[in-house]
Every structure is written in C-alpha cells, then in structure tokens.
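One chain, chain A, links the two complexes that follow: it is found with chain B in the first and with chain C in the second.
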Partner chain A sequence: MVRSTYEKRVARQLLLILSPSLLLLLAFVIYPAVYSVYLSFTNEALTGAAALNPRFVGLRNYSRLLHDAKFWNSLLVTFLFVVGSAIIGQFVLGLISAILLRRDLAFKQLFSSIILLPNAAPEVVAGFMWISMLAGGENATLSRIVMFFGMTPTDWLQTFPLTMIIVVNTWRGIATAMILLTAGLSTIPSEVYEAARMDGANPSQIFRRITLPLMMPTILLYMLISAVSTIAVFGLVYALTRGGPGGATEVISIYIYNQSFTAFQLGYGAAVAVVALVISLILGIAYVRAMKVQV
Partner chain B sequence: MNRTALVGLCAITLSAFATLAQAETIRIANHGQAGINAMKSTVARIEKKYGITVEVVEYPSPDKDYMTKLLTELGAGNAPDIFSAPTTAYVADMVAAGYLAPIGAEFKAWDGYANFYDVAKQLAVSPDGETYVMPFMLGIQEIYFRRDVLDKAGISTEQPKDWADLLARAAEIKEKTGAYGLLFPAGVSWGTGAFDEGFQHLLVGSKTPQLATDDGKLDLTGEGVKDVFGVYKELIDKDLMPTQPLLGPEPWVIPKYQMFPEGKLAATTCGSWCYIFDWGRESKNPIPDVEKVVGTWTIPGQTGGQYVLANLAAPWGVNAKAENLELAKKVLMEIGSVETQVSYAVQIGNIPASKAAAQDPEFQKLTELVPIHAAAENGVYLKQAAGFATVAEGVARATEALLRKETDAAGAQQILVDYAREILGEEAVK
Partner chain C sequence: MTDFVLARPGKSRRPDLLAYAALSLISAFCAVPFFWVLLASLDGNAQLFLSWPREWTLNNYVRVFAEEDGARWVFNSLFVVGSATLLVMVLAGLGGYALSRTRAWWKQPFLYAILLIRVLPPTALVVPLYKILLTLNNIEGNLVRIFFGGDTARAIMRWIGFIDGYLGLILVLATMQLPLALWIMKTFFDGLPRDYEEAAVMDGATMLQRIRRVLIPLALPGLAAAGLFAFISAWGDFLLPLILLSSPELQTLPLGLFRAFLRVNTIDYGFLAALAFIYLMPAVIAFGFARRFLVQTFSGGVKG
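Moving on, here comes the complex of A and B:
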C-alpha cells in the first residue's frame, strides 16, 4: 500500500516534469500534423473563393495526386536525391573520413575542420555560394576549372541540375555522417582488430568481416536520420534551383511549397505533405525494425 | 487598500489610452527598397494630415515571396491595414477571398478620381462591378530594340506591322548580326512575368483578345491563345530568342542586363522603367546614349494594328479586416495622390495613372516616361476574372515546356488549360 502510494507520487511527478515537453510537442508537432491531415481533406486555399469558404472534399486531393505527373516526378526526384546524396554520397564519404581520421594523419585536425566547415554556413548562404561556383559563363569557379583542363564550360545547374544538388547536399552532410560513424567506429574494441591481424586477415577482410558488421547499428541509425532529414531538405534546393529547370530538381518539399505557397492550394499541398509524412514513417519503421531495437 | 485600488485604476486607464492610441496606427505593407523610398514623403504627409502613426512593414522583395507572406497573413487575419498586389492578376482572387474592402464609393467621391485614365479606372473594377483597389500606377510594356545594331546591319527600324512582320524582323536580325532577335519572358522562374510581360501583350492583339467571359469564367481554349504560344514556339525553335538563361533561377539577369547592353540580344519586351533602371542612368550596366541607341515599338497585332496594353502596377487596397476602415480608406486616397504617383515614377519607373501627372514639374523631368504616359490614353486592357494568378502560373509552365522543346503550341495551350482546371476546378474554366 505504501509502495503503491509512492509509485503514484512518482508517476505524478514524472507527468509534471514531462508536461512542458508534452505541451510543446502537442502544440508544435502533433497539432500541426493533425491539422495538416484535416486540411488535406478540404479545398482550403490562400486566395480565391476557397479561402473564404473552404469545403470538405473528401479524398479528392488524394485522388488528384494519383493522376498528377508532377507529384510522381517529385517522388522520383526525391528518391534519387536521397539515394544519391544521403545513402551513397554522405555515407561513403563520411565513412572514408571517419576511417581516415582514426589514423595518425598529418594535418588531421585541419582535415576534420575542413569537413566540418560546411555545417557552419546556413543552408541558403551555402546555396548562393554554390550558385556562384556552378553558374554559367566563363567566370564561374567550376567552369574555370574545366576550362583549365581544356573542356567546354557549361551552366552546371541547368545541364546537370539533379547531379549538382546531390553533390552540394553530399558536401553539406559529410560532417554529420563522419561524426556519427566515428562514434560507431570508436565502439569497436581494438583487440578485435589485433586478433584479426594475428589470424592473417587483410585490410579488406577486416573491413568487411569486422568493421561493417559491428558498425551496422550505427550505420542503420545514420541511414534513418539521414534519409528522413534529406526528404525534408528545402532551403538548399530552393536557393540553388527552386525546383527547376522544368521540375528536374523538384523534390517533395519544394513541391509541397509550390502547391501551398505558389499555387496557394493549401488543401492539396497538405495532401502531398501527408504522403511525405507517411513515406518518412514507413522508412523510420523499416529502419527501426532492421536495427531490431525496441522503441 | 484605497491607494492600491487607485494605482490599479490608473494602470487600467493608462492601458486603455495606450490601446486607443494604438488604434490610430495604420500599418502599410511595402516591399523593395525603391517602393519604401517612394512612400517616405507620403507617409510623412499622412501622419501630419491625420495626426496618426503610419507603420511601414517591410516585406520580402521578390513578388512571389511577397505575395506568399502577404496572403498567409491575410488568411491568418493579421495582415497590415493597407497593402498592394504586384499586378492586376492577383486582385480578383483577393476579392473572392474577402481580403479587400470595397472602395468604389470613396474613390469616385474623391477629387482625384476624374483625372485618372479610363483604362486605369476600368482595370480597377472587379468582376462583381465594385472597385477594390486604387489604380495609382500603370505598367506599360513595349518592345525595346537596339537601333544601333539594326542600323549597322541595314535592318529596318520601322514599327512591325503584324506578328509575321515582327518574327521576320527577328529572323533577319539573327541572320545578319548573329544576335538573338527578340525576347518574350517565359518559363516558371520568371514568375508572373511570363504572362504580364509577354503573353498578354500578344494576346490582346490576337483573334481572341480576352480570357474572361461575360459569366466570369476563363476561356483559355481560344484560337488566339494557341497562336500566341505559336509565336513563342517559332522564336524558340528558330533560335531567335535565348532559351538557356530563361531556365535559371534569375532568368532576366543574363538577357536583359548582359546580352542586351552587349548587343547580343537586339530586341526585348520591357516596361517603361527599362530606359531608366535597366539600361539608363540608374543602371549598373548602362547603355551610353540609351534614348538614341535604344528605340521602341508598340506590340503589333496578329494581323495588324498596334496595342498599348496597360496593367495596374502595384494597385493598393484596404484590408477588409482593418481596425479603422474609414481611416484606412482616407490613407489610401492619399497614396493615390499625384505626388505619390510621381514619387513612384521617379523611384521605380512605372507610369502614373493620373493624367494630372503630365503637369507635375517633377514628372516632366522624367523625359523617358512622358511620351509613354501620354500613350496610356489609348491603352487597352484585359478584363479581369478570378483565377488570373493561376492563368499566369499556367502560362509560365506552358512556356517553360516550350523553352525545353517538350511541346508545340497546341500542347502548351493544353498545359495551360489543364493547370487552370486542376487548380480552379472544371466550373471556373470554359
């Protein structure tokens, strides 16, 4: 009986301590998400008659999505963007950086600082900086470099728009990947490597049989964070291309913005946002299951 | 106790006075440094005349970003008391959304009303017959051409008679000089410019010159619409207009600020401001002797005639939810004064909508604008309808497909129709 009263008191205290966070979550995460779901069933708009008298339209927005080629294009662009920049670019380069930084390299600290620098620049500033490097004409940085090697310069953001945003996002995300993967690497006991070397394992075998399997939980955690955050990337792409040319870089976040704030169709934009949320949730659940972690 | 009650009472009274004082503040949305500068003397005059405080709220400069923020605030019910729309195209939709207070009675009773050009008055009338905006400035576009480039190559600088003549001239320029012959704004990155600064100017001279039907619907299936896209198609397919820069994030920069001054683009549509700000005395890359070197053509009709299409530039309106509607409307009339119009003409290069500006000594100094102001007497206009902002975006998408050579004129028209139907619903589009 005494124990039960104590537990109740602890439970009340916990609730009290957690209530500010719960309230904040409710106000700024749960409520907007639920409201977005509600909006997606209406024809709510920022202007026109629907702004004055929005109507419940049932599943019309979702049915429109199915036939909207631009929506499917944005999903494809997002998939390529996530795979190219988060899964391949950031992960591979982050892992290489993490492995290199475990060794006694000359200029190790300078190397780490260079990798961390992209995170110091705000997204939009980084975007404009890259515009000056990738612009058309003979004065842009990349054009000068290729001209030095006797190649023809081009307007990189026009000719290879998706590749360029993948490169820029990779550049920006290496630091996060490196930090997480360095943490993962540091959890592998050095004795395991020593034992492997004594057994005659070569570096490739050590990497494939020891490093990768032992780092798998960290890699999966990184993949989860990276994939979900890359789906939500907006500022960088908006500053670089605004989704153009011709929708070639219209990732889903830009598509949601364009529908909601360029076409002013809040209801339809909300429907796209709900689909993006569901995709992120599915990805999250898949990764969590893969990690076999109880959440 | 009594002392405490007295202090409390004083606090409540002070707070009430403070609230009352706040009610006499009028908030005005403005964007772009030039617009804010143009409004400075007007703000001081209003504050002095009505004994109120005018708070100028600065908004993002690009039109699209400005409208996004403004419409979001209007939707949320916390927008400023007075604001402008970038062009006429947004007004009918803002009226339908209930954002704008009617000002017809005050505008007509105002002593400045009689001096406004008819085209300005008519452009300010919404589809429901009421006036909701002060049509204080006009946007008038023409084709600006490099007279020196054409003269040197022996190409006629006479006003083109019709579309065929205009296209033939562009082809001749390309053939004889290697320069691009003509630019009409196009593509999504140019925003509403594809419609406002290009498409509609050709449309008014086409076989189907209006988009709004008598019953308030949009007719986008007219032959004229397809023919206008056909002009774009020909310019693009024959490489008479630069396409690659138009697909970038700031499509106007390379053609207008680099290619035209360098003579690599020989003709382009542009507004009255171009003589001053794009290539003239206020430009970062001026063309020496610009008024002699650069000539203008009005936009010819499909089979003849000349069209001076007028658009409202930044029409101002009163928030329907303004705390003090009467005061806000009085302030709006001050914004419509000739003095403010001339101030905007000086700062931005648009054309005052009042004929009285012609007698203003400050306006007379703007020699580049005086003849264009006079030409507004013969201005024509597109009848407004709800959904014009959507049409502008649809034209941008359709012309982008043409720029990318993904479709033909009929396909571009279909893109426009499909987009308008998708956004506005079947019932809004004929």
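Moving on, here comes the complex of A and C:
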C-alpha cells in the first residue's frame, strides 16, 4: 500500500512538471491546428461584410480550391521546390560531402565548418545575401561567373525564379543532409568494406552494392524529414521573391500567407492551410513509422 | 579504412585531388554569399554587388546605432529570443525529465504527438494563432485598463500583451521550440542512470530538492544543447515577429532588416549589410557552440 501511494504521488508530480509544456503546446499549436479546420468551413475575412459576420459555408472553400488555378500552381511549385532542393540538391551535395569528409584529408575541419555556415544564417540574411548574388546586370556575382564561362548574364530571380530559390534552399540545407548521412555512414561496419575489397570490388561497385543499400533506411528518413521541413520554408522565399514573379515561386506557405494577410481571405486561407497540414502530417506519420521510435 | 569509396589507402594521389576539388567547389558555393555581407558592411561606398572596398570604414556600423534604432532592435531581439530560450530550457528540463521517468499511459501518445507537432508548417497555424492571441490580448487589455489609465495601460501591455507585446512573442517562440527541446531532454535523461535519484530518495529528498541538487547539475550538457538549438531557431525566425509585432518600439532585427530593405528608392547597402552582419553574428557563434551536439541531436532524432 505504502509503495503504491508513493508511486501515485510521483506520477502526479511528473505530470505536474510536464503540464506547463503541455499547456503551451495545446494553446499555441494543437488548438490553432484544430481551429484552422473550423475556419476552413467559414467565410471569415479581415475586411468586408464577412469580417463582421462570418458564416459557416460548408465545403465551399474546398470546392473553390479545386477550381483555383493558383492553388494548383502553388502545389506544383511546392512539389518542385521540395524535389529540387531537398530530395536532389541537398541530398546529392550532402552525400558527396559526407563521403569525402570521412577520408583523412587536410583542412577537413575547415571544409565542414564552411559547409555548416549557411545553416546558421537567419532566413532574412540568407535571402538578402542571395539577392546580391542573383541580381540583374553584369556586376552580380552569378552573372560574373557565367560570363567567365562565356554565357549571357540575366536577372536571375526574374528569368529563373523557381530554379534560383531551389539553388538557395539547397545551399542552406547541405549541412543537415551531410550530418544525417554522416551518421548513417558511420553505422556501416568497416568489415563489410574490407570483405568487398578482398573480393576485388571496385569503388563504384562498393558504392552501388554496399554503401547505397545499407544507407537506404537513413536516406529514406532523411528524405521524409527534409521534405517536411522544406514544405514549411517561408522566410527565405518571402525575403527573396515573396512568391513572385507572377506566382512562379508561390510555394504553399507563401500562398497561405498571401491569401490570409494580403487578400484577407482567412477562411479560404485556412482551407489551403489544412491541405498543407494534412500533407505534412502524412509525411510525418510515415517518418515516425519508418524511424520505428521506441518511445 | 575510412576511405572506402574512391581509393585504397596509399594508392594513387588522384582520388585525393578529386576529393579536394569537389570539397572546394561545395565550400565556395557555401561561402561566397557571405563575402558580400562582410565586405559591403565595411565599404564606404557599398553597392548591391560584391566588390573590394576602395574605402574601408566602420561608419556603416556606427550608423546602425546612431541614425537608426539599431540598439533597440538588438535589445528587442536579444530580450525576446533570450527569454524564450530560458523558458524552453526550464520547461524542457522539467518536461523531459517527466517524459523520461514516467510509466503512465500518456507517455507514448505525448511523445508521438511532439514528433508530429514538429512537422506542422508554422504558416498553416498563424492565422488561428493570431486570432487566439488577439482574444487573449483583448481580455488582458480590459483587465489592465480596469486598474490603470490609458498611457500606463499601454506601457504595461507593451510588456505583457499577447499581440504587439513582448510576452506574446516570447511564449509563442518558446512553444515552437519546445517539441525538439523536450525530445532532446527526454533522450538525455534516458541516458542518465537512476541510481543518483534513488540515492537522493533514500536520503529523504523531496522532488524539488532532487531536481535542484541532483538533476540540474547532471542535466547541464543536455540543457545546453536544447537551449542552443532553441536560440538558433528562434533567432532566425521571421514569420512570428512579422505577424505579432507592429510597434516600431518592439521591432526586432529580422523586421528591421526586412523593412530597411523594402525602402526601395533609398536602399543604403552599407547600412543594410552592417545590420545583416550584426544579426548574423550571434547565430554563427551559437552554431559554433552547438556544433558538437549537431550529430547526436540530428541522428538521435532519426534513431529515436
């Protein structure tokens, strides 16, 4: 009896010290998420008649979504942004860096510090630096580089807006990919490589037949987590292009922001937000299951 | 046997050269954008383009503080992000301990929930979040005005208001960093043997004494990691201050930088670059400290 009252008291105390965190998460994350779903069924707006007297409109916002070319455009842009920067750009450069930095090279620390640097830059600073890199005219850094190779310079953010935000987001995330993939590489026992070498495998065979297959679980987890965090990117794109020109870089988080705070359509913005929440949650659940958390 | 991909140890030097070339290219890609901020901030005649300053000067930095409200922006950012970080460390320290030690039914659902919360895009939450904060702010404002007159009430609300006040931004910034911090601390306490606590219990220590005398000293490395990641992420955040703050007195560094950049006709690149550099430095320093935790945190997040 004594023991069980003691355990009950401890259990109560543990719940008590967790409760402030629980309260904040409920108030500022869970409740807003649920509230988003509610808002998406109303015609809430920041201005106009609907602002004073919001009504329940059923699925009207969602049926409007289906016919909204700008919404489909933003889904497509988000998809290309995620595939281009997280799945291809960051992954390829991160994997190359991770593999090369496992070797015994001089300046290893210096290289890895430099690769980590973009990750530390706040979103607005990163956007600002790249506006300088990508500006129009012959003096911008990228224009000078392409002119060195005999190509024609252009106003990069106007001519290739989506490609450019993919490049910038790749730049910002190489470090995350490198760190995760380094951790994955270090779990492959060196005996496996030695055995392969004994059997006369060449480096590219070793990479394709051993490194890649054994890395698959890590790669899958990386892909899921980086896809989810790339869908959430806002400040970087906002600072660079604010979704423009003409919606070319209007990723879903920018579209939600523009609908809510520029067009003041809160109900409709919430419907778009719910779509983003659902996509992220599906990827998140896949991530949690793939990672087989033992909690 | 670390060089498994390109060469056997001591074989030809060519693969090494290739490795250096590839790493140099990637590093150049990573580093070049930073050069412009650094050089332009020291250039008396800075342009939007990368160029070697003809006239070196610290004048741009002086102007951030003398001509504009730079000191206030720095203070606001440090105060808001610093308070949020402290709050995260306290809450995640306590909560992480509870999550690690409890055997209650809510343990597993809670842990899954904080993993899933991390994937929700903040932009999708800001509209309802704004409405909730506005409601809280109005209730609070009415209460404050019962006791204080107009000007005093406004000054008080600047500190404790939920919209356009320090408190609201601090609480929301802290909440957004909590899931990762709770996860880090839970994992950290999982790795701490219970012997110390049990010894303290035997000695008749209460819960609070156990936390203060035994757990906090043991948990410092974990708290440092959780705090650094919270600081870096809150420091870089742009969306929340953009939506929650409007008074010039409360403006933080990201807003100051962004708004200075919007004055299109009169962009002063030297000033902007100096401001950007000031904003960048704390993040880079914190990142330097956080580096040794990076691998364990990211891979810990992956492996559970």
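We adopt the following convention: the second predicted complex is superposed on the first by the 260 of 295 C-alpha atoms of A that agree within 3 Å, B and C clash if a C-alpha of one lies under 4 Å from a C-alpha of the other, contacts with A are read in each partner's own complex, and residues count from 1 in each chain.
One rule holds for everything that comes next: a contact is a pair of C-beta atoms (placed from the backbone, for glycine too) under 8 Å apart; a residue touches a chain by one contact, two chains touch by 3 or more.
Remember, it's a predicted structure, so these values are computed and weren't measured experimentally.
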item	value
Which of chain B and chain C A:131 touches, first, second, both or neither	both
A:66 touches, of chain B and chain C: first, second, both or neither?	neither
Touching partner for A:183 - first (chain B), second (chain C), both, neither	second
Contacts of A:31 with chain B and chain C, given as first, second, both or neither	second
First, second, both or neither for A:198, with chain B first and chain C second	neither
Chain A residues touched by each partner, larger count belonging to chain B or chain C	C
Which of chain B and chain C A:265 touches, first, second, both or neither	first
Set of chain A residues, in rising order, touched by both chain B and chain C	131, 261
Touching residues on chain A, where the partner in the complex is chain B	45-49, 51-52, 64, 68, 131, 136, 155, 157-158, 240-242, 244-246, 261-265
In the complex, chain A residues that touch chain C	10-11, 13-15, 17-18, 20-22, 24-25, 27-33, 35-36, 39, 93, 96-97, 99-105, 110-111, 113-126, 128-133, 135, 137, 139-141, 171, 174, 176, 179-180, 182-184, 190, 193-194, 197, 203, 206-207, 211, 218, 221-222, 225, 228-229, 231-232, 234-235, 238-239, 252-254, 256-257, 260-261, 266, 269-270, 273-274, 276-277, 280-281, 283-285, 287-288, 291-295
Chain A partner contacts - residues on chain B that touch it in the complex	64, 68, 71-72, 74-75, 90, 93-94, 96-99, 187-189, 244-245, 247-249, 254, 386-387, 389-390, 393, 400-401, 404, 406, 422-424
Touching residues (chain side chain C, partner chain A) in the complex	1-8, 16, 19-20, 22-23, 26-27, 29-34, 36-37, 40, 47-51, 91-92, 94-95, 97-99, 101-104, 106-108, 110-129, 131-132, 171-172, 174-176, 178-179, 182, 207, 232, 235-239, 243, 254, 257-258, 261, 272, 276, 279-280, 283-284, 286-287, 291, 294-295, 298-299, 301-304
